[in-house]
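Per-chain numbering from 1; labels A, B and C assigned in written order.
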Amino acid sequence: MDIKIGVITASDRASAGIYEDISGVAIQDTMKDYLSSDFEIVYRCIPDEQAEIEKTLIELCDTQGCCLVVTTGGTGPALRDVTPEATENVCEKMMPGFGELMRQESLKFVPTAILSRQTAGIRGKSLIINLPGKPKSIRECLDAVFPAVPYCIDLIEGPFLECNEDVIKPFRPKAK
Amino acid sequence: MDIKIGVITASDRASAGIYEDISGVAIQDTMKDYLSSDFEIVYRCIPDEQAEIEKTLIELCDTQGCCLVVTTGGTGPALRDVTPEATENVCEKMMPGFGELMRQESLKFVPTAILSRQTAGIRGKSLIINLPGKPKSIRECLDAVFPAVPYCIDLIEGPFLECNEDVIKPFRPKAK
Amino acid sequence: MDIKIGVITASDRASAGIYEDISGVAIQDTMKDYLSSDFEIVYRCIPDEQAEIEKTLIELCDTQGCCLVVTTGGTGPALRDVTPEATENVCEKMMPGFGELMRQESLKFVPTAILSRQTAGIRGKSLIINLPGKPKSIRECLDAVFPAVPYCIDLIEGPFLECNEDVIKPFRPKAK
């Protein structure tokens, strides 16, 4: 099964070319670090419009068949921050443990971690994870949750992800 | 007031007799360890069908009058995992602190703890708690949250649960 | 920009004059401790009626223009505890990190902290935070989350809050 990973940057300014999308690049670099399996990145940089984020999430999950879609941006309390709402609208199941652990991890560095509303959920055979917007927080959050990602994708009948185990150790419980 | 405790195993395979319901037994054994009050277990083993889980939760809360209903199974990300959705549909109030603490506790043992979507909530005078499916995790999770259960049941006007305090210490704050 | 802070005590007994509203006073005292900016308190003490809590939240956010509204009471599992539901109904965005951190903080003191369903959210340019009912827990919870509050209010275009930094240290990340 081919492995496709979606990366969506939700940012009015990055999508308008006002600044470079460092965060989207940071996610792609992290995936290359983590995964020893061959994979293809499907990348989109779009404005903070809820309808457009939802449409793009659906496209990457249903049409592109990404087993994992990672978003960056739009998780704060501001008016234009709507990525968690878009995610919740397109998911059949929410995975609250991802947001809890990412906030807990970020709290080790900044007290404003509680302002991040990031979540995760399942749409069909795709796992969607929201990450914060800052490149530094992106890596911290992914390091915290990624060990559970390959097994999650096994459970939703996605492809088998193999990792560079000196960089990140995926955990797959033994069958009971 | 008679004390009834509901135990629901949601499992396609256990309910079809393909394997023994070790998890349901583990919960019953734990309740016997914890409680010094006399109580009766009302046990059901059913497939992972959301409508059936909801119907069984309602029966155990409303008809049987269980003050506590504990479920096992169906909390993961897979297609047939729908216990948290069933729980949310039948509850008037959600209790997010239970899921948060159980995931945090399980994270001490396995990084895949974040994949568990278990929650808790109140229906009428019943507290419903989702536990994970694995017997080992069941005890870890119950040990973490049970100290708060007797007081919770006091607050929703259920029976007064007494515990074997050398096994588990219930906490009841003094009235202010 | 004038700074107004709303304080709502949801309590059947305090609003009926059966006992003094120590909790509402504790929040006001804490705000005076924390803030070096001039501010005005808008205080309401009302019964645990969901419709009335919602109406009061809306009044303090939309009519009074409070940048921050803090509630106390009504976050437990009992029938009359409906403050989190009222909060969720009037907010456009929920901020799950506040409840998570406050429960985690309270868990250091009492295992029944998981029974508190308190949350936070954004309505327009107002941040609403639920606190528990007990004066002692109020200060513990506020000490945990308040460092993130001034920056949150910056992000929703509220007034600039200045703090007594020997009492509480607000954190404002540098622009990226």
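Operating definition for what follows: a residue touches a chain if its C-beta (ideal position, glycine included) is under 8 Å from a C-beta of that chain, and two chains touch if they have at least 3 such contacts.
Since this is a predicted model, take the numbers as computed values, not measurements.
**Q** If every chain is a node and each touching pair gets an edge, what shape is that graph: line, ring, star, complete or other?
**A** complete
**Q** Rounded to the nearest 5 degrees, what is the angle of the rotation relating the C-alpha atoms of chain A to those of chain B?
**A** With C-alpha atoms aligned, the rotation comes to 120 degrees.
**Q** Let me have the rounded angstrom distance from the C-alpha centre of chain A over to the C-alpha centre of chain C, please.
**A** 31
**Q** Quick check: what residues of chain C touch more than one other chain, meaning two or more?
**A** Answer for chain C, listing residues that touch two or more other chains: 96, 100, 104.
**Q** Under the touch definition given earlier, write down the residues of chain B that touch chain A in their complex.
**A** Its residues touching chain A are 76-79, 81, 85, 96, 99-100, 103-104, 107, 110-117, 119, 133-134.
**Q** Show me the residue ranges of chain B that touch chain C in the complex, using the header's touch definition.
**A** 93-98, 100-101, 104, 122, 127, 145, 147-148, 151-152, 155-157, 171-173, 176
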